[in-house]
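Here chain A shows up in two complexes: once beside chain B, once beside chain C.
What follows is the complex of A and B.
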């Protein structure tokens, strides 16, 4: 009897979670698909977003994400390699950095938004711009990304490192050709978490990349992110619901596409490292 | 490595190029009230069409931010959905529209009228059941606005309340959220922008507006200046605005944008000539 209860509970939990997710997706698709069209994706918004499309907003979103990834990928990977491979095991500095990264990962995004506004927009003088927004997002996703990559690197069996040493590989060669490819699944997971979090972000962007829904012409232009647009339509614009749902549908699709792309690119990279080195 | 270098060079070129491309254009920055922002954005677009080379950037953050940014010069023009306070008299406000606030209940709530004293008693938690004001035997859900919203300030000011006195069950941010909350809860009472409520009611959303002091909460009454709970939508400047800012303000107050004001469910006040 307890065994059956257990089975039932486990199944129940799994079904409940999947069901809730499916319901959410179905709701978005059902309510959004009627308003969705090719014109909606490429046109500029009109009438405060109720009519027209989301073309410039989509471009801004991708630019902000691009800046964020361009900054956070190399920095994050570097820091993770240092933590996992170069810092002394259980060393003081490493522990402090890990602790502060964990604290930073838990900080609410509005705090990053206010920091980004104060530091990038005002102190560094980037103003409301795609650059400010991207850098703020980079600050936000770096902690999670580092911890995820570090976990992947630390999980690699020590035998691999010893093997590389025995073959006379330099440390950088070992990291590049052996350890990073082996840690690739964790790196992808971190990357996807970062992309998801960055693409869905509102609070950190409303005060950094801003509210302007014009097609951006440079990194220093303000550009409205898709999540900010959805927030504005559903909370601020009377009669904006249909467009909000359609935008949400585009956002979900975009995140799925980006994840598939990230997965594919990492797969290619891993294969090249391991088999054609 | 070579690919990377090409990429880097391209990026730097793009940045240099783009830096110079907008150096020639004039830029007007507006920040402030999230209520005024969608309207200002639309006015800005029409203004850009009439003035080649001018760019109007609208940012949000609340009325108080609009006032502060106008004072510090971070913004050329601030936006505020309230009148300037006594401590803000160093600034100048320019009225571009009006917005009224209405008490809303769920459509199925039989209560038709509430006196000011009853509204105060409900929001301060002294009346907790609809039966006490002629409704059904159900407990009342009080929906209040979050700090920093001018709707809240106007509401508190009108009823001479402090926010700490209000016993809220739900705290919401914006008008749409308020309407969704009340429409989804037959016991709720809240307050939102009249234009928004009017539109949502016409769309069949399950809410109803309560009259205030016998005056129906309609945009028409707000326009006539008769409705007691209403607020001005202002553009804020410090000192003498630049000629570009001045021409934007004149444009925003002119009949040329009347349709835009009404499309946002606000009440146009543009001089009619």
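What follows is the complex of A and C.
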């Protein structure tokens, strides 16, 4: 009965994967929830994070992510639109760019960290700062984001493009009002992948946004990201396990919240594009 | 003058016509037009006049270059990188192939309907207002008025007036195609190019679109590609017959519809319209 075997196998695979994920999640929740409190979320860390909370770290994380998204969203969308709509089909430049993006997407994050340190921190003189960290993260997520948006745009039926042009509409109108909303699902998917990767990143941030766990006062201040904090607590701080689990729980919740937010915002944007007169 | 159509399952609204005449005054003059894709000629040496206010049907077997011909008339072919067009197309004293013309304005004056209905993935209303806005119509009342008029022209108003803000993709195929025609008409073009507008529709919807095309005569210059010879005969004033010679499409015969169908000069045309070739 190969058919039954097959069914059994795919069910097994699905269960295994989901099970492992659930176990991971349950473990985080169970071990973290005891240490979690409102004070933990807003207070500053004490004794290297064993006590106190993660307030400044949460702020730094959001700032770094903010910088990364602010830079990568417009750049990534622009590049994707150029690749999908304006580059010559099968053109040399487009091919080279696509190849480079695919290579860049596969580069380990530690390499981005070293690059960010050399370029943003030292060469441009941003030092260990939220700005350096955010820009480094932007470099890291842009390749995946561009390719995802480009794939979304390229998958769109040519009928709409030709229809728009045949009505004497400019290409920019066609892109902005018809193609981008139609590609929105792919764009969100790319965005979420980017947010997830950026929020969970340690290696690229250790050398760029640094370790300092004080509340940042400007973009040029060093700020410790949540993932870096978790890494530090679990590797370098004895007795930091409870705080590490609680921080991990906050991190997971944060990623889920950001995804929901991104989805809701895109939905609203698409609705406005589609239905406003 | 208004024409009232008899009411069927679908209803067509009233349409104010200009003088319903078809005079042999050239609106588009095509001289020695050739089209090639990546060096392979697919259409060679076509010369014909498209007359103002008349309906011209393009007939011929699949692959003889009818779609390519049609898309060269509104410069849509220029968007395909490997396509090259030679010859002359005169419109309003300009040669649209060689002269520097404003293609966006040209495409507003020469509308196109595609074989596959392609309403935008927007609301029904927005399908019509988006092109209008692009061409500078901003006034809300004017927009609403034009939307209503265009939908009435294609007989879609009664069917969709309660769901103008619903998705256009939820319409049936025939409704979608009529929406696309309305979208082209709302810009008040002078010429309408239609590439097999009924081929994706059932006979009833196709009949509705056909009578719609018939009513465009006089007010618009229409060029329609169709594989349905009976339809060509019913709607067209002029007919152009394309044929493949050594795998290159060319124009065999052009003339008044009755002449092409009843008394063709070329034996190939005779065989094709009798259904013995192609």
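By our rule, the second predicted complex is superposed on the first by the 276 of 277 C-alpha atoms of A that agree within 3 Å, B and C clash if a C-alpha of one lies under 4 Å from a C-alpha of the other, contacts with A are read in each partner's own complex, and residues count from 1 in each chain.
Here is the rule we use: a contact is a pair of C-beta atoms (placed from the backbone, for glycine too) under 8 Å apart; a residue touches a chain by one contact, two chains touch by 3 or more.
None of these values were measured; they are calculated from a predicted model.
**Student:** Which term applies to chain B and chain C once both are placed on chain A by superposition, clash or fit?
**Tutor:** They fit side by side.
**Student:** Can A:89 be said to touch chain B (first), chain C (second), both, or neither?
**Tutor:** Once the two structures are laid over each other on A, A:89 reaches chain C alone.
**Student:** State whether A:164 touches chain B only (first), chain C only (second), both chains, or neither.
**Tutor:** second
**Student:** Contacts for A:206 in the overlay, against chain B (first) and chain C (second): which applies, first, second, both or neither?
**Tutor:** Only chain B is touched by A:206; chain C is not.
**Student:** Looking at the overlay, does A:39 come into contact with chain B only (first), chain C only (second), both, or neither?
**Tutor:** In the superposed model, A:39 contacts neither chain B nor chain C.
**Student:** Can A:182 be said to touch chain B (first), chain C (second), both, or neither?
**Tutor:** A:182: touches chain C, not chain B.
**Student:** Given the touch rule stated above, what does A:13 touch, chain B (first), chain C (second), both, or neither?
**Tutor:** The answer is neither, since A:13 touches no partner chain.
**Student:** I'd like to know which partner A:124 touches here: chain B for first, chain C for second, both or neither.
**Tutor:** neither
**Student:** Chain B to chain C: minimum CA distance in the overlay, Å?
**Tutor:** 18
**Student:** Of the residues on chain A, which ones does chain B touch that chain C also touches?
**Tutor:** In chain A, nothing is touched by chain B and also by chain C.
**Student:** Help me check something: in the complex, which residues belonging to chain A touch chain C?
**Tutor:** Against chain C, chain A makes touches at 88-89, 157, 159-160, 162-170, 173, 177-178, 181-182, 273-277.
**Student:** Over in the complex, which chain B residues touch chain A? Could you list them?
**Tutor:** Answer in residue numbers: 14-15, 18-19, 21-22, 29, 34-35, 37-39, 41-42, 55, 57-61, 74, 173-177, 193, 195-196, 199-200, 203, 263-265.
**Student:** Spell out the part of chain C that touches chain A in their complex, as residue ranges.
**Tutor:** It comes out as residues 74, 76, 79, 81, 103-108, 111-112, 114, 116, 118, 120-123, 125-126, 129-131, 134-135, 140, 143, 165, 167, 180, 183-184, 187.
**Student:** Hey, which residues of chain A end up touching chain B in the complex?
**Tutor:** Where chain A meets chain B, its residues are 47-49, 122, 128, 206-207, 210-214, 217-222, 232, 234-240.
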